Amino acid sequence: MKTLVFLEHHGGELQKGALGVLAKAASLGEVAAVLVGGGVTGLAAEAGSYGATTVHVADDASLEPPLPQPRVDVLATVVRDGGYDTVLFANSVLAADVAAGLAARLEAGLNWDLADLVHQDGDLVGKRPALGDSVYVDVGWRSEPRIALFRAGSFDATPTGGGAPQVETVAVELEPYSQLARIVSQEHEESSGPSIEDADVIVAGGRGLGAPESFALAEELARALGGAVGATRAVVDAGWYPYAAQIGQTGKTVSPKLYVALGISGAIQHKVGMQSSNVIVAINKDPNAPIFEFSDLGVVGDVHEIVPKLTELVQQRKGA
Amino acid sequence: MKIAVCVKHVPEGSARIDPGSKRLDRSGEGALNRFDANAVEEALRLKGESDTEVVVVSMGPEQATDSLRKALAMGADRAVLVSDDAAGGSDLVATSRVLAAALEREGAELVLFGQQASDGDGAVLWAAVAERLRRPVVSQAAALTVEGGSLRVKRQTEFGYDVIEAQLPAVVAVSDAINEPRYPSLKGIMGAKKKPQEILSLGDVGVDASEAGETGSRTTVLALADPPQRGGSQKIEDDGNAAQAIVDFLAEKRLL
Amino acid sequence: MAVRASDYPPPFAAGEFVAEPTDPVDERIEVGVLIVGAGPAGLACAIRLGRLLADDPATAERLGEVPVALVEKGKQPGSHLLSGAVVNPVGLKRLFGDRYRADEFPSYGAVHGEAVYVLSRRGAVRIPPPPTMRNHGNYVFSLSRLGRWLAEHAEEGGTTILPETAAEKLLVSHGRVVGIRTGDKGRDRDGGEMGNFEPGADLVAKVTVLAEGTQGHLTGVAIDRFGLAGAEPQVWELGVKEVWKVEQPLRDVIHTMGWPLRRATKYREFGGSFLYPMGDDMLTIGMVVGLDYRDVELSAHDLLQELKTHPKVRKLLAGGERVAWGAKTIPSGGFNSLPTRLYAPGLLLCGDGVGLVNIPRLKGVHYAIESGRLAAEAAFAALRPGGTPGQSLAGYDEAVRNGFIGHDLYEVRDMRQVFGRGFVVGGALASAMTATKGKVSVGKLAAEPDAEAPLLRSSRAAAYPAPDGTLTFDKLSSVFASGNKTRDDQPNHIRVAQRVPREVAELWAHMCPAQVYEVGDDDGDGTVTVRLAPSNCVQCGAITAKGGRLTPPEGGSGPEYTLT
């Protein structure tokens, strides 16, 4: 198995998701990485400590804008010249477009939205959660190269303790049609907080908060955790919180790394909108609330007592 | 100008995977993928009162004509469905091949996609289709304008917004934030039946049967399994120290 | 003084929903015959009209570009259809003639055998089926599935079906019905226009056929507008049912009486349950209860959950999985509650909307189909060159009353009241009435509207089983299983008095199988505020029977039934 991992970077930093996939790949065998951008050669060294023995670097001003098609050109060359049989991506807006473009270019199989990758009876098998994570589908490839796109947050970016990688420069000629798009401007200001679709952490409130004023508890905790605030249909119906924050069947579907449910009973209409969250913590005073059936940590207690303390402890910890 | 909108007919209600074929059960009722309604709306918005033609293009079983009719009722001018038993079970590589062939036939200046299929079956097709058409592609468009021979997209990414310009002909996938799809008017619904609808076979679009369906695919579904149990679900009663217990739990999960 | 829901009427006046056409003449959508409701009645009407017009191009020509249009408020035909349903195939046979054999209709097979049990908490005593409940020659159907099948035939026959379209107002001009106005789409919770607002439209027709089913919105408006109310008020029963995938096939059609309903007459709990096989791997189970009941804690939804815990029932469901759920009211006033006329100028009324249901036989689908077919004949006769519309529409009324519908309903006209005297006495009287073809009558009992039942409270709710998510379910899970994903931020479509005595609020909260009503804050003056979650509504109609009024929400809302 000869694996290549696409290293996405932003603001002079390698992205955690890509490093997680790299570390995962290193646990399965020898792995190389590919880095594409302008002035990015310096980032290659860090990939070594996540297990890359080789980093292919395409460093050119023309590659600086985060556009997919020039990256497809680079990866197609690296995969062909290097004889890679497996190419892995951590999902992002950019990486998904690169992976799918590469699949079409190389007539290669792409399995996406994978949560894991394992060796099974001598074959590489991807694990794909489907239908709101109610079923896991084992997926495979019929030919090489195999391309896989992993769900955000599938793997921890834990350094593997590898040494400095060998850096190989890639010279690429871009396809004419890869040069027909250009970035005119970028707005990457830090907003007041992430939107609930993008947030890694969501603190959501339900009727158990007791009154609209109590949403301040959710907002403060969300701020401390660097997350967004969500709401159940019942409280949106009651006018406690805007519809834009509604999570569930008739609201938004989210899958953050951490979902904190405050005073939410866990009706199925809510569950289908948040059940694919990585970690679910629920606080509810009703010990029989259905939410406890699908929480990783369930706390039977009063949100008004617990949440202010929790917010303070989180702030202390972050401040320290 | 001509705009082609790629749409998908997705199962309605509680979707299930057929344990025999290991494919999504498409035998029940279906409907237009709701994310594709954003793409249809955007095409109609770009069309406005102009003589631009909006063609909806789909690949799927014959029932997909229901979804195409919905798009026609919203205001699209014409529909094309590639429907062929040999195309069932196509993966990304095979689907993009068939769809690109159908789009080549149309030669639209702009090809639009919705941001994902609500049946969970993909959110990457446009990039593969653009590659086959050898055209520029922009995804996650939260705003789109077309002027002269180029388009301008506000792309939403994990980091904020990028304004991207690309030359036509091009492929754009719109996000669901770009617009609020219109309701078909009664006149629209009544008129939809009379609009041209073509059903094409693989042969009609020039794709060999071996290049589509499962034989034309490069991925395979091996097995279905129950999801892993949520690891060590625990429930505690607040004895005054619950806040600390939560913090410890989050720290252990490296979420702080 | 006992509290009655009828003392707290909803803010509703039928006149709000009667209008002259308002769209400019050149923007009106003109059709020949307009049918409201894609149920068995409306679709039968469409299918029959299609055939008649195909054989008579001259008349078809007169009806313009769209000779027959049918509006349906559900997502698609079938989305709002729910019934038991053991169906007498005579309606379908008369509609299709020799085109299909009875076993070619999309049923789940003929009834093989049947059993009737009187249940107690743990026991079951089998009794011989009363004559009204023998089902030899009948078939088990999913009405939702039948609706989809009929809709395909209607469309093939040239009917333009407009789904996701609510018939909101009856258009009346110079005393004559001239069509309907459809509901607006894209309004926000406060009624404001959203970015994608799409106003309703006038659908103008030469003849309008209301086939809206139970608690039909415009049917009620028309009965009020044209003064058609029958000799006795209409009354209803509420049915809640589930479809299960099961490991062992059920063979017989089963009906039960008794538990979990209470026998004591003061509760007035009239009803029973049914279990019907749906092929080898599914069955349907339902609970029906008369809405003249008195106990504010009665919940048909939870009675069904309780029924499933009976050892006999539990065994049938063991290892199975609930795959669908739904609820609907059934008009049960019968013959004495029929409107005085089933027509008005430009208008015909069909099916469950006017109460064409035979409660002792638990049948109505064949009457719906037959009335739709007869409505088609009448509309066609009215529209033929040289036709006399007034006479033709009146002819429909005669055809319904003089045909098998009228005969059947007359025969059992007093049976609803008979059962009010308790099952054992009622059963004997029912047999006598049936045996004598209705010559034996027990004399009329004064019927009162369901909402006038004096309320009482027992602690019934405490006995309902706690939902376990496998055999028994909470109401919100049931709403989910109905396929309901109604847009939340639309205007409220349910009219109820907002501040009512606690008993009335509790009545609605327990009654509603979809958890639409909640008892809100105490107002401090002896009343409480009723809180609503209208997007849960599956449009069963119980609220209209029990003191409120259901109006149609935005088209496309509500349940999306496929198996019920």
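The letters A, B and C name the chains in turn, as written, and every chain counts its residues from 1.
The definition used in the following text is that a contact is a pair of C-beta atoms (placed from the backbone, for glycine too) under 8 Å apart; a residue touches a chain by one contact, two chains touch by 3 or more.
Quick caveat, the model's predicted, so the values are computed rather than measured.
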| item | value |
| --- | --- |
| Chain whose Cα centroid lies nearest the overall Cα centroid | B |
| Chain pair, A-C or A-B, that carries the greater number of C-beta contacts | A-B |
| Subunit B and subunit C, separation of their C-alpha mean positions in angstrom | 38 |
| Centre-to-centre distance between subunit C and subunit A (centres being mean Cα positions), rounded to whole Å | 48 |
| For subunit A paired with subunit B, centre-to-centre distance based on mean C-alpha positions, whole Å | 21 |
| Complex contacts: residues of subunit C adjacent to subunit A | 466, 469, 474, 476-477, 479-480, 485-489, 531, 533, 535 |
| In the complex with subunit B, residue positions of subunit A that touch it | 10-11, 66-69, 72, 92-94, 96-101, 103-105, 107-113, 125, 129-143, 149, 156, 175, 177-178, 180-189, 198, 201, 225, 257-258, 279-281, 283, 287, 292, 294-302, 305-307, 309-310, 312-314, 317-318 |
| Contacting residues of subunit B [partner subunit A, same complex] | 15-17, 22, 91-93, 96, 120, 122-132, 134-140, 152, 155-167, 170, 217-228, 230-238, 242-247, 249-251, 253-256 |
| Interfacial residue positions of subunit A with respect to subunit C in the complex | 233-234, 236-238, 243, 246, 249-251, 267-269, 272, 288, 290, 293 |
| Complex contacts: residues of subunit B adjacent to subunit C | 12-14, 28-29, 31, 180-187, 189-190, 193 |
